[in-house]
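Everything on this sheet refers to the single structure shown next.
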Amino acid sequence: MSASSRVSRQELAQRIAEDIPEGAYVNLGIGAPTLVANYLPADLEIILHTENGLLGMGPAPAVGSVDPDLINAGKQPVTALAGAAYFHHADSFGMMRGGHLDICVLGAFQVGSNGDLANWSTGAADAIPAVGGAMDLAIGARNVWIMTDLLAKSGESKLVTECTYPLTGVGCVSRVYTDYAVFDVIGNTFRVRELFGDNTVEALEDLTGLNLK
Amino acid sequence: MSASSRVSRQELAQRIAEDIPEGAYVNLGIGAPTLVANYLPADLEIILHTENGLLGMGPAPAVGSVDPDLINAGKQPVTALAGAAYFHHADSFGMMRGGHLDICVLGAFQVGSNGDLANWSTGAADAIPAVGGAMDLAIGARNVWIMTDLLAKSGESKLVTECTYPLTGVGCVSRVYTDYAVFDVIGNTFRVRELFGDNTVEALEDLTGLNLK
Amino acid sequence: MIDKTVTDVAQAVAGIADGSTVMIGGFGRAGQPVELIDALIEQGAGDLTIVSNNAGNGDTGLAALLAKGRVRRIICSFPRQHDSWVFDGLYRAGEIELELVPQGNLAERIRAAGAGIGGFFSPTGVGTQLAEGKEERTIDGRRYALEYPVRADYALISAHRGDRWGNLVYRETARNFGPIMAAAAGTTVAQVDELVELGALDPEAVVTPGIFTNRVVAVGPRSWVRDGGFVGGVDIDGNPLSGSGASR
Amino acid sequence: MIDKTVTDVAQAVAGIADGSTVMIGGFGRAGQPVELIDALIEQGAGDLTIVSNNAGNGDTGLAALLAKGRVRRIICSFPRQHDSWVFDGLYRAGEIELELVPQGNLAERIRAAGAGIGGFFSPTGVGTQLAEGKEERTIDGRRYALEYPVRADYALISAHRGDRWGNLVYRETARNFGPIMAAAAGTTVAQVDELVELGALDPEAVVTPGIFTNRVVAVGPRSWVRDGGFVGGVDIDGNPLSGSGASR
């Protein structure tokens, strides 16, 4: 598989942004998914939710205009758009848990073909555990999309038949955007939705060890 | 028992008002308990809650200044004091259920010596049922005080060993203000706290059929 | 551009199907979406389940909807009022089902639906007729009954001001059920006195964020408010003091 | 006259006993009651259970409280941060107990305590390690686990403005846990940037009604706000941009 068959993280963010329709309420998870915001078309109104208590989140402020009271879930400075609203944590997570968000984009350690997601803990014995809003996000949006490299640094596929890492949520993922291809999770299997570059389904089967047909 | 031994409804309201300390958060139920507001000392700050969504309720407005958006739980026009706050029904009843109100004053059909309260339904077969906030109020304040005539129009005691009317709340009443005397509910019995006029415990025992000693 | 505004109340209530569950905001006159209720009557949907604190009074609004036989079932806390003759008659005739719910449980069950809570243990009503048959549990020495969410296909609510994203603010105790119903319905329709520009509502003071609102329709100012200020001159039902009571 | 204001942070945290459960507001720097935490350290209470989204970072604030060995147990959602070395060390040494709770469950459990809910079924965490041992139930086809309220003896929170009745408003995302913690504690202590006259806060926009607040202490304006307006000039921790980082 040549490197040219893989899209960059920025290209992937852009690809995801293209799939978000105007009017959608969207939560972009900490890390790579945050990049998606950079590619949302300026002429479309897409409303970003940050679970620490803001709908209508805008881009990062200039350096001198950082407001420590106005941050996102990643504790980075943000701004608020006209039409924004603030609320407390119980209201914010109720918004999520209650199924009001259209799309949430998250990172992953592993995604199971049954839609299970593992993204909060590697299960390492000496790790300091921390979960934050990961589990709430995983079950909280109507569509949970994953943005991830297809392969872990070790070369193993992050798409698996069954997750071996501790789960974040059960059966919650509907789509996975990777650097090789986009997959839908349908009926307990991964289906290739879109291939990037010269990737083929067969080549992805080799890489992942999954039956993708 | 002479009529002079009974206090009027207004006197009883005044008597109750005397027992409410400054700084208390108080809900006055629909009907007679509403009268208590008229006797709260003007120089003391006592904060009235109305469960339809207001803390810091003030007196009724003048006729031309009635605001249909600003009402109490009895759907009567009220005003809001400086320092008031509005909130929605879930927050308002959470305030009550969560034990944040100091005192709630309610009417009663019957009060049991175990503190049970019946005040929402006579159980009549053809009655249209309606409960409103009665049950939430009954269990919702740290101190539930009852304001009532001691005797029903039929002459029967409203203080009973066990309620026969449908219950509003179980074991929730701590004190009963009647036109004859004030009673505390302690350890599954009524204890006379204060006698009005020339009432005696013995005379009240005759009237109620209860052991009050 | 997101624009949730619709131009008239007929559009606002379009699509409500027979058999729907419809929440109707308000407590007394305050917060009652009177224009939307009238539009629902006009629209014609029947076999409805209504969720509302009261069951209508007089011969207008919810009472008129009931009188036309459009309501199969009502979930409410206080159907009986001095002028609830329409409901009373239907109830006595066995022509309407009633689920009577203590007001705070009703509010919390609606809130639970909006917040994705599957059920909760409430102390209200425990040991009374209204908790009969419910699962009971003692937790930390207090008795509770298990209550389930109440959700709806549509919520019809009344707010004071709104913008094209559906952000809403209310006025005084007219807030009552609006914010929780907005979150508990598949489609939330808000009538507002006034539409304002996006950004005109203070984001610190927005009570219902637009995410909960699907349609917004302006119905014009309440008669007791002029240019944003309270002017009074009405009775508790909003009828002019000097008038004949002919207004709704 | 009701006056919940106290003149200094020492009075604000007076009476917190060893063994207390103390909620501490804030998410990141936003809404962190830094002056109250410092006062709590000074006050000396130990054997504490802390409820807070994070477990401290750097060497100040909550981390300093931990470093002094005052905390027996912490209930939080995200203890691990790049600079949470104090917590990390204590945790690895087995010197602090951790109850890890998904952030939304933590928020809802705190809210339940304030609202008198005995327990609730949440879909969050079901099927994961963090719901192991919890009672599970399928309701309307969705799996839920039973969660219990989290309450506290004290809540230490930070708000923007407050009055002598304890009414509070917050600023932007600094609102986070303040309102729900205020309702969930026996004694709620709020530090505010600014005390205002009773009536100065818009009753439509009060976020925490005074009923939930027991003590209010003014700590002076945030350095990035002047005369009520945002002026910036700080980093995300509130340190002056041009400064040496010596400020807290």
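We just call them A, B, C and D in the order they show up, numbering each chain from 1.
Here is the rule we go by: a residue touches a chain if its C-beta (ideal position, glycine included) is under 8 Å from a C-beta of that chain, and two chains touch if they have at least 3 such contacts.
Remember, predicted model here, so these are calculated numbers, not experimental data.
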{"item": "If a chain touches subunit A and subunit D alike, it appears here", "value": "C"}
{"item": "Chains contacting each of subunit B and subunit C, listed by label", "value": "D"}
{"item": "Whole-Å separation of chain centres (CA-atom averages), subunit B against subunit D", "value": "36"}
{"item": "Separation of mean Cα positions, subunit B and subunit A [Å, integer]", "value": "54"}
{"item": "Overlap residues in subunit A, where contacts from two or more other chains coincide", "value": "80, 86-87, 90, 93-94, 96-97, 140"}
{"item": "Residues of subunit C touching at least two other chains", "value": "108, 111, 115-117, 122-123, 170-172, 204, 207"}
{"item": "Chain contact graph, described as a line, ring, star, complete graph or other shape", "value": "other"}
{"item": "Every chain pair in contact, whichever chains are involved", "value": "A-C, A-D, B-C, B-D, C-D"}
{"item": "Interface residues, subunit B side, partner subunit C - complex", "value": "50-54, 61, 63-72, 75-77, 80, 86-90, 92-94, 96-97, 121, 126-136, 139-140, 166-170"}
{"item": "Subunit C to subunit D touching residues, read off their complex", "value": "108, 112, 115-123, 137, 139-140, 142, 144, 148, 169-172, 202, 204-205, 207"}
{"item": "Subunit D to subunit B touching residues, read off their complex", "value": "1-2, 111, 113-117, 163, 165, 167, 183, 198-199, 201, 203-204, 206, 209-212"}
{"item": "Interface residues, subunit B side, partner subunit D - complex", "value": "22-23, 25, 45, 47, 49, 55-56, 80, 82-87, 90, 93-101, 140"}
{"item": "Residue ranges of subunit D in contact with subunit A within the complex", "value": "27-31, 77-81, 84, 87-88, 91-92, 98, 100-108, 110-111, 122-130, 143, 170-180, 207, 222, 224, 230, 232-238, 241"}
